[in-house]
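Quick one: the structure is below, and I'll ask about it shortly.
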Amino acid sequence: MSYDVNGTSVEHDEEGYITNLADWTEDLANVIAKAEEVDMNEEHWEVVNFLRSYYEEYQIAPAVRVLIKAVKKTMGPEKGNNKYMYELFPYGPAKQACKIAGLPKPTGCV
Amino acid sequence: MDEKIKKFLYVNRKAPYGTIYALEALEVVLIGAAFDQDVSLAFLDDGVFQLVKNQKTDGIGVKNFSPTFRALGDYDVTKLFVEQESLDERGLTADDLQDIIYEDEDDDWAEKPSIRIVSRAEMADVMADQDVVLSF
Amino acid sequence: MKFGVVVSEGPYTHQASDSAYNFVKAALENGHEVPRVFFYHDGVNVGTRLSIPPQDERNIQKNWTALAAEHDLDLVICIAAAQRRGLLDENEASRQGKDANNISEGFRISGLGQLIEMGIQTDRLMTFGD
Amino acid sequence: MSTLHTVNKSPFATGSLQSCLSHAKDGDAILMFEDGVYGATKGTTLADAVAAKGGSVTLYVLQGDADARGIAAARLIEGVTPVDYVGFVRLAADHDRTHAWL
């Protein structure tokens, strides 16, 4: 299973998470988003970029409530809330935004 | 779910990388944070090595999870007790540990240190003040 | 009294799962409850149904399965630890696109939240590890 | 409020017993089991430290583990009480929390 990014194939798993995190590019993110039926705009990118920098700094994808709290602090309360996040990513920021951002699949531990 | 808040202590006594205990302990802490309990972490014996700064794992092909400790504040895990005697025995001082801070919501988001260096006797007091002790 | 039990080492290499089994058995026989046993780290390997110990040794996996059946025990294998180590139930195997599953009867795979919940809901937490 | 500490390592392999001894508080109990039972034997370099702690904490050894390792009752440090698994369960119930020194 793979995504096609301008003629290059990028491997992904059953659920669409990329196998090799180093394969991520912005073009790939757009391809994953299309497969997820998410129409990437500036607001989506804001969250995706936030997730990537969080992962870069801490080596984990933040839990949803942590993401929302952090977004609230840096981007304000009109964006740092559940409603806004689920409007952007209908299947949830953990699943969809992390997938588009090329982060590891949440292990679904709770 | 049960309403009562319990005091949970995660006891870390093992060094990172040689075994998986440190990493999988951290995974429990991150998940456990969602349960709104009163959480503390204890680092003693070889566990203090987990918090040492400048860990670089490129040469062993193992994920470096030490930066994740710095995310604990976001998860409202803000009490990391580190035993002074364990540091001493290993030739370490508090300066050898990475800075781990949290932002205190009740104090205008002031940055405060999460690491609290305690004596062995104080660590024993911390341990004796818990409802649940999870060892790794 | 309610005991929560954590088993954090694999079978045969460490005595942890034997000690936990003996403890749980003694607790149950003496009128206590063991609402859950949680298998973590290499402890998840206790839940494989594919082990074949020599006939003159105890069968750790079967003993747990039998004890679970007798006392309706909740034997939970941590999903994160299990995925690393290749322990899968039928659901997980199909979700992850794997061609086999290997979990013993009486065990179930679930999240780490079950460990925390066990700590909250029991009176004592016992850890058997190394 | 007291703690049941459990130690399952030989004190000659790891520092778990020593660490446990230095953190246990008066009125606590320490149960040595699995390879931890070696810490309960007489004549070792640690025996004096273990025996001394016996003044303020209660020391136990799991009989089955001692038997398995050929440790006769006479070789146990004075003041160490052997218990079976039922005794182990009772100890865990009688103290407010357990702390496993892995």
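Letters A, B, C and D mark the chains as written, and numbering starts fresh at 1 in each.
In this text, a residue touches a chain if its C-beta (ideal position, glycine included) is under 8 Å from a C-beta of that chain, and two chains touch if they have at least 3 such contacts.
The structure presented is a predicted model; accordingly, all values stated were derived computationally and were not measured.
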item	value
Between A-C and C-D, the pair joined by more C-beta contacts	C-D
Averaged-CA centre spacing for the pair chain D and chain C, given as whole angstrom	26
Separation of chain A from chain C, taking each centre as the mean of its C-alpha atoms, in whole Å	34
Between chain D and chain A, distance of the C-alpha-averaged centres to the nearest whole Å	51
Interchain centroid distance [CA atoms averaged], chain B/chain C, Å	27
For chain C, residues contacting two or more additional chains	8, 80, 111-113, 125, 127, 129
Residues of chain D whose C-beta touches two or more other chains	97-98, 100, 102
Residues of chain B whose C-beta touches two or more other chains	27, 31, 34, 132-133, 135-136
Chains touching one another, given as label pairs in label order	A-B, A-C, B-C, B-D, C-D
Chain B partner contacts - residues on chain D that touch it in the complex	1, 3, 15-16, 19, 22-25, 97-102
Residues of chain B touching chain A in the complex	27, 30-31, 33-34, 63-65, 67-68, 70-71, 74-75, 109
Touching residues on chain A, where the partner in the complex is chain C	13-15, 107-110
Chain A residues within the chain B interface of the complex	54, 57-60, 62-63, 65-66, 69-70, 73, 109-110
Footprint of chain D on chain C - complex, ascending	1, 3, 8, 15-16, 19, 22-23, 25-27, 29-30, 32, 123-130
